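Labels run A, B and C following the written order; every chain starts at residue 1.
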């Protein structure tokens, strides 16, 4: 089977999953308390007016019919309308997506760039003080919540030392360095758990690989530690490491919601938090749906990446 | 001066609840161009000896003591960097498991070219060409195509040939072969042994063959060293060993080999008992419990290694006399 | 031609000093310092939470406008928040909420995951559907899932618990299903079937005991995760109702003036982190002891 067919097949396999997600989120919307029709009609509306609006919005039909309707609109890119601002949800997301993507990209690069070498080092010097330190730091990374790290970093580096801005966001258009310096502390805070997970997995995968016979062969050839670790070993450990990088993006997405709150970054996360406080269900649901779709696609991409990493995996 | 001189080699491991004395005082020599066989059953310490020659044992759980002189230099005194120059270059090793000894994500050609680029400083294209030549030398058909393939696309016998190509790439003076044929079919075994022999003649490499298979010993060895429970018990030229084993353990090994034409219902002659635990240092002879010729002093006095004739050593209080008939 | 006669082993040195076997709990602490630390920390915090009324606390919800925004002092050991409530009391009572949420979510998610995973493992026809649903739920980042659910049940601690539990169930279910599928193939299950044991009995007697270790370890990880998610939810206003003090709530209250009065956020943060750390350390220790095969979380 050639590569194109394989890609299509994997893509098709994500459809049932997305269908479940869609059904689930729609059910939440359906069950949500509050009556959108009443909100739109206003305080002084009569029951007939509300009923009229409800009918025009199609809210008086059954679950299945409304689900089909909603799904159809979603597939065309219409995620509904915000109860609060009456703007299309997609528009609101599009307005805020830049900062969130920037934050996640910087976090991803920093985290992977830090975690993988740390994991490799810990595995190479397994049992030594580097290993213990990395493991201890990993447990700490799991244990301290994102926003706590955020506040701690902000307090130290921004309030006390004043090296970096306390909050805010500078778009890339204003220059690379302003953009980076606003994102640095949030990225470190957001990446805490991510680094811990990746470092741990890297270490475990490398330990497993370093025990293998082919590493012994490499040493018997007289190779130095660096080529053994990074050419012979790491490529073999790549599959679980890349897997966890993909799965861990869920952490980035979830954590972004909080991090944007702490550092006042005008991204989709802030949008979500505002929507929660205003009980703007279409926005909440739209954001969650979008992020889930992105997450599924990213993991699909990683799935396809496996064939490049390991020549034994056939498609 | 011999090519390789090993004196009183000891390799101890600290494992969870005890100390395993895998090798506890082994000495022997290998001459240039010669094939020496290191024989013994599983767990006798022969593989550990081989691995410690190239210092491939991880040092924290293991500790190595003794003298390993290669071309006059004690390998145990070398720094790690100096040792890396020896590995794959002056001394090479072929391992037992061809199925797992090659890196699955790198091409064959790349893996053969590595020692060439490292030790002989060949450029990548030059090393690649030489790798293809080496594949041809070890008898792999269509070497240019194979060089671009991955290990999982080759059979076990072919992978072992590749391992041999890697080992001989830089013309080592000593090749250590750790049970190179154990994991292969019998027909392929013969081919591999033949290959090693012909390459040895061609390049003048000395070979240290580690094996538990006396058939392999008979095929390729010039001299034989017999190990038991981490100690050397006998050493002799190969013909002399087979004709007249002096240590009861060696005799037991030879008797245990099944022979064609023996009475169909006859039991295989086995050596009763089991190998003693390596966690306890035996007071006397390690073989005492299983020896048919055991004497009272065997349990308390360790037998010293004695020369019995030119080029023969035995560690036994009461070695077997020469057979009166063949 | 060959070497000088070898020295006999007794004449050769010992390369390692003799080992001394270590017993008792001092040896345990030395061998597993992290687990011991985790256990000690958790015990302390549980005690603080349980004994809160007798440890010098006042009513955590009592508002006192004159004592607003005080830093830690002799009168208020942890200071007060912007409504004049004593933070020391709030933090201690908040411990009860956070620990309860952690425990409740762990139990609920474990039970649900166990049921779903076992059903999936035994009933082929349900397996496909159930696992699709689990995959779907796992595709939604956990915090977002919890947010989406918690938004439905405003103002209810039980709602928060259910919301977080639902986010954790898929992983448990997958884990249980995997173990069940493996166990089903084991000879002792065939033997039980041949002896005429009915399926529920097989599950009860043969499958569940084998799952116990894995599930216990998993439960500790869920507890830690739940405490963090609860704090995050409370922090963004989607979690524990503001009338009940939880560490997340307390931090949320202190958000506005954290730059000026960091202690309002910092002190509950330290308590939360220590608690989660303790549970994580315990979880790792239990995994090493009970179920070393299990991969680390995530």
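Miscellaneous remarks
One rule holds in what follows: a contact is a pair of C-beta atoms (placed from the backbone, for glycine too) under 8 Å apart; a residue touches a chain by one contact, two chains touch by 3 or more.
Everything numeric in this text was worked out from a predicted model, so none of it was measured.
Hopping across touching chains, the smallest step count from chain A to chain C is 1. Among the chain pairings, A-C comes first (most C-beta pairs in contact).
One finds 22 Å separating the Cα centroids of chain A and chain C.
A separation of 52 Å divides the Cα centre of chain B from that of chain C. Remark: chain A residues 16-21, 23-25, 28, 31-33, 136, 139-140, 142-148, 151-152, 155, 159, 166, 197, 200-201, 204, 244, 247-248, 250-251, 253-255, 257-258, 261, 272-273, 276-277, 279, 281, 284-285, 287-288, 291-292, 295-296 touch chain C in the complex. Looking at the complex, you find that chain C touches chain A at residues 34, 132-133, 135-137, 139-145, 147-149, 151-152, 154, 224, 228, 231-232, 235-238, 251, 258-259, 262, 265-266, 269, 272-273, 276-277, 280-281, 284, 295-298. Those residues of chain B that touch chain C in the shared complex are 2, 5-8, 10, 12, 14, 17-19, 21, 24-29, 31, 63-65, 223, 230-232, 235, 281-283, 302-307, 311, 313, 315. Considering their complex, residues 127, 212-214, 216-224, 231-232, 235-236, 309-312 of chain A touch chain B. Against chain B, the residues of chain C that register as touching in their complex are 1-16, 19, 21.
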